[in-house]
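Heads up, the next two complexes both have subunit A, just with different partners, subunit B and then subunit C.
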Partner chain A sequence: MYDMKALYQARDVADAVSLRLAHPEAQIIAGGSDVLVQMREGKRAGKELISIYGLDELRGVKMEEDGTIRIGSLASFSHITRDPLIQQYLRVLGEAVDQVGGPQIRNIGTIGGNTCNGVTSADSASTLFAYDAVIELTGPEGVRRTPIGDFYLRAGKVDIRPGEIQTGILIAKESYENTFGHYIKYAMRNAMDIATLGTSVNVRLSADRKTVERARVAFGVAGPIPLRAVTAEAAAAGKPVSEELAAQFAQAVKEDINPRDSWRAARDFRMHIAVESARRAFLESVKLAGGEL
Partner chain B sequence: MSKSVGKSVVRVDAYEKATGRAKYTDDLCDRSALIVKICHATIAHGYVKSIDTSAAREIPGVVKVLTCFDVPDIPFPTAGHPWSTDPAHQDVADRLLLNRHVRYYGDEIAVVIAEDEISAVQGVRALQVEYEELPFVLDVQEAMKDGAPQLHEKYPNNILAHTDIRKGDYETARQEPGLIKVEGWYDTPTVQHCHIENHGCFAYEEAGRIVVVTSTQIPHIVRRVVGQALGIPWGKVRIIKPYIGGGFGNKQDALYEPLCAWCSTQVGGRLVKLECTREETFVSNRVRHAIRTHIISYVRKDGTLVARKFEAFSNQGAYASHGHGIVAKGMGAFPQLYPCDNLECDCWTVFTNRPSAGAMRGYGIPQAMFAGECHIDDICKAIGMTPLEFRRKNLMPVGYTDGFSKNELYSDTFNQCMDKGMAAIDYLRKYEQYQNQTGPIRRGVGLAVFWYNTAVWPISLESSSCRMVVNQDGSLQFQTGETEIGQGCDTAYSQMVADAVGVPLENVHVVSSQDTDVTPYGTGAYASRQTYIGGFSIMQTATALRERILRIAHDQTRMPVSNLDLVDGNIVRKSDGRVLKTLGDLATEALYSLTDSQHITAETTAQIKSNAYSFGCSFAEVEVDIPMCKVKLLNMVNVHDCGTLVNPALAEAQVHGGMSMAIGYGLSEELKFDEKTGKPLNNNLLDYKLSTFMDHPDLQAEFVENAEPTSPYGTKALGEPPACSGAPAIRNAIFQATGVAIDQCPITPHVLYRKFKEAGLIED
Partner chain C sequence: MEQHVIQYQTVHFNLNGKDVERTVDVRASLTDMLRNDFRMTSVKKGCEVGECGACTVIIDGEAFNSCIYLAVWAEGKHITTLEGLLGPNGELSDIQQAFVEEAAIQCGFCTPGFILTAWEILESGKEYTDAELRKLLSGHLCRCTGYENILRAVKKTMYKRLGKELPKT
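Moving on, here comes the complex of A and B:
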């Protein structure tokens, strides 16, 4: 039994927007794997809910005319992992979300919910940061697009305005083309866990595969919200592929990250794991891209 | 005659459980039940000054609010021990139904009874509690210091109990020149049982008595405790135990049955239900004692143990529950496992402001084996002897007899088990291969043995009762007070009954549920006692039943009893093997006889005044990723000598489950507390890192079957032993791989990070 005051089920996106305006205090619910847990804990007890879970138009992964990959906000983790477009162009994202919780959670949980929850540990978030994803929101004024880095405001808080719902996540062709990536979820067990640290790296190598054209790295749980390690990215750009470069790249992430001390893990431990994860994820990405070490 | 014992027959409850038809406590509760929700204290130590219930009582659906100011002033004990008529041996009665003196963060201070769960939860949130806070203490040795916060008036320095063992002359013996001193402090964590079904119960009054249906391992003991807690005659209490989803010792305590029963009496005897959430299960049921152990060994270079000191500090938490029994059992193993002529052993059980520790699978032995078996490998390192060689030299020898329990080691169990385990994991080759590795990824193989004994004699009463009732078709029902808690005793007992009576297994029907109004007395499931203790009453009752059947057979066939037998459900003339009639025909004729109608039943109680050693070992192979501070468990083997196997498939499953618990104990599980507030930090299944099967290798269970001569079926303990030696085997494997001795569990990446840094294996 859940202590909910009311449940409004949206018929379509427009209806969801009207419901949001009519019930500004209501919480949006998609798969419910976060919201219902919070409600049971008492954090959202007695609240109204607006369910958008029935909006099939927000499911699926598509490629738009300009090559942009659009992931519907209600795409489940398991659908994303198995999607042919994801497997071809953004394999690392499929692998990252395949490490969320367990099979049941991956079937019910959505990427929209994962990002709107605003937590730094979300398994999709670091890879979306590393690919400069754009968040699409639909509201009374129509569609608004915002870079994912701006969408995350602070821990647990994202930029969803009155009347808006998140309707899609977009990744531009320029961002994903010819890239290969690797995600390391560092957790205390191999399933049913949240990340102690999430590290997502992707690289684009030169045609001869000897030089790093572009490298990107983003972390979850290295700060209050997911973040990019731009110093490390700059350190690798244009450099010849090598083990030493991986080590330099990894050491450079320390300039950018700011994990905290908590009972879940100490700051120095997270720093150490971030460096080692960055090194390994970089090397793995280079290997996937056909680079020789 | 076809034998059932020794075969891997299908569990008698397999179909019911696999299809979801088996009824558990909550399935049986009528929907009209009022719901009880508990208000738990949000301070670690202090007094409740007042509770304002007015807002809670205004909530629609709330029926009644009861607080610590309303309960009867009757302190009661909760431990699932047989009662002792000697006051000196009775369990400590130290808690009330709701407590004004709050002794841990989570203590129960009030309840809200409502028509539905949401109203009850809202009611609890609406209670306004005013506290007088006191300083609190979480650490066991801090709690013993003068001036530490005091939890219970009668126990100065919070010491619930202290016991010791002395042998020879430790102080003199350790002066021998040339001895090598090895010293270590070993810490084990607070962990929880994490059975899949949270504890829950429901209660109602009927004909002036209180009925409680509950998820418990010990229905007859709970009956006594409910009677004590409510101050009513024990005969006024009826406890019913349906199928339960695991217990592992947590439900070897009276948990919320007394409170639930009392709540019913406060609402006119209406049906009330109290179900724990997982969060409550972690904090407000029972946990395993965290024990800190200090061991000093003086050893000759040839591996001879000359003098040893053992000190253990057991963190009892807020209330006595099973109390000193746990650490005392662990200490008891110390002089026996590696006999040594000069010993000084002491152990203390100490109250702290943590959740109450009670029974948990192993009852002090997982803690004692972690400390003891880590220490053995520390000795091996110090004197340059292999872990195998040292154990072969020093482990309890064949013929060893314990003076107190009279337990005897009849067979060369340890060597047989180690040999079998070594072969299974290819130990010797791997041990050589993994010596002196370098590089970031290293492997190791570790060994640990365990000591265990079966049941609780002579510390407590051991008795078991059994009833058998023959039906007209020659099938029979049987009942015991020993409970099925998922371990499979209903199946093992059915096999034992079939063989002892002489009927086919399919004609044996176990009455799985215990109901204290109708089930013969037995103390329940604990102490790995089920097949051993239950075996006595089953054999004795089957013998009585057979005697009665054969007397009737004599009346019906005119053959002398001495020439009759009951085999596979048939009355057989022994001289020529002819089947004279079936048991069904005999029973039908006996029951409907117009001259001498007989209902064929038998019921006996067996008192058991023996006990049996049950030993074995674990081997673990690990791969340690040093930069990532991670351990991957590659292989694990447990070998047990639990005597004759009643059902090999069930025995194997039992071992797998215990190994899984040992993996969590060794690598990931720990209930944590905020040092500033005493608040539990991770009392949920996300933050408490119970290992998943993604964290397990294929688990291998092997057996050495030395039949136990004192047991009617040749059996000895297997319930708890599988959880006892896995964690130190993993630790010793990590030790071999890295050279880093880690003297605490769980060995998490956080711990490895610190230790590897200290050892210079990683740098930032």
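Moving on, here comes the complex of A and C:
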């Protein structure tokens, strides 16, 4: 038995919005692999829950008419990894979420829950930042869209307003088209561990594959919320592909990140692995894009 | 003190091939309901926070930790526990038999969970490398066997189902 005060089960999105307005103190629960665990630990004990897990309309990955990829907020990690659209256009996201927890967690955990938790270590978040994902929220006023960078307010706090639930994550064609990416999760164990640092890089090369048209890099656990390393991105844009460029790009991430000391790792160590992970993920992305080194 | 109203809900689902229904306390986990209301005691209560995998069941073809799954979410689902793998006269399934043959069991507490995750792996009909199998089995803790015999049992059954010879190592 969970120590919950009450459970409200939403029948559809509109019902979820009404339940949110009727019970403003209640916690939204998607897959529950964080919320139910926190309830067991006592952190969320005695709370009311609004379950949206039954809303099948929020599952699945689709491509919209303009080429935008829409990931339903309740899409599970394992479904995202197996999804043909993700495998074709956003393979790095499928690979990143395939490193969350363990297999059973990836069957229940949702990308919406992963982002709404607001934690910096979320394995989906750095890749979503690196692709300028847009968060779709549905509330009493209708649908609102916000860039993921604005959605994360501070550690553990995201911009979900009264009555709202997250209904989708959108990635524009302009953002993912012709890009290749690589995610590195640095953790102590291969399974059931939280990232000490997460690094997601993606690149778009010129037609002759000799020049970096665009490079992007985002980190988890390099600051209180996931963040982009824009100095590094600028350092690589328009430059010829080379091992030296990878090293310069990697060194530049130090200008943008601000990791902390925690029991998992010291700040200095995180700085070190951020540089090394950025270098490796950049080189791997370039190779995937067909660039020669 | 604030009055606490206990909420009940009737859940209809298919358990090991049979349509069932129960009225449960909404605070119950799926582990609670399967053990207490249906006596499915193969579903073990281990860590109860989704770390150890001992409570694993199959829901609509995928393995889930039933300890972090609300009982009321079972509505309309097809759920399989280890009991559901037995043949009509109590015969062991291929994967259970392989666990016996490979001594992939000692105390047995993790076994039902491991076997159900193995079932999901085997039902995919794919051939996996050892590294892939280790990753697919990584949501379970076993403190007795050291995992090698478990891996061997799953691998052996995988090759058998694929009609292939088990590679010599």
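Keep this in mind: the second predicted complex is superposed on the first by the 293 of 293 C-alpha atoms of A that agree within 3 Å, B and C clash if a C-alpha of one lies under 4 Å from a C-alpha of the other, contacts with A are read in each partner's own complex, and residues count from 1 in each chain.
By definition in this document, a contact is a pair of C-beta atoms (placed from the backbone, for glycine too) under 8 Å apart; a residue touches a chain by one contact, two chains touch by 3 or more.
This structure is a prediction, so every number in the text was calculated from the model and none was measured.
Using the contact criterion defined above for the overlaid structures, shared-chain residue A:190 touches subunit B and also reaches subunit C.
In the superposition on chain A, A:78 contacts subunit C only, with no contact to subunit B. Look at A:155: by the touch rule set out above, it reaches neither subunit B nor subunit C.
After overlaying the two complexes on the shared chain, residue contacts for A:107 are found with subunit C alone; subunit B is out of touch. In the superposition on chain A, A:51 makes contact with subunit C only, while subunit B stays out of contact range. When the two complexes are overlaid on their common chain A, residue A:33 makes contact with subunit C while staying clear of subunit B. In the superposition on chain A, contact is made by A:3 with both subunit B and subunit C.
Put simply, subunit A uses residues 1-3, 190-192 to touch subunit B in one complex and subunit C in the other. On subunit C, the positions that touch subunit A within their shared complex are 4-5, 7, 25-29, 32, 48-51, 53, 56, 62-65, 68-70, 72-73, 75, 117, 120, 135-140.
Looking at the complex, you find that subunit B touches subunit A at residues 116-118, 121-122, 125, 627-629, 668, 672, 674, 681-682, 685-687, 689, 691-692, 694-695, 748-750, 753, 762, 764.
Partner subunit C is touched in their complex by these residues of subunit A: 1-7, 9, 32-33, 36-37, 40-41, 51, 53-54, 78, 101-105, 107-108, 190-192. Looking at the complex, you find that subunit A touches subunit B at residues 1-3, 42, 45-46, 186, 188-194, 196, 263-266, 268-269, 271-273, 275-277.
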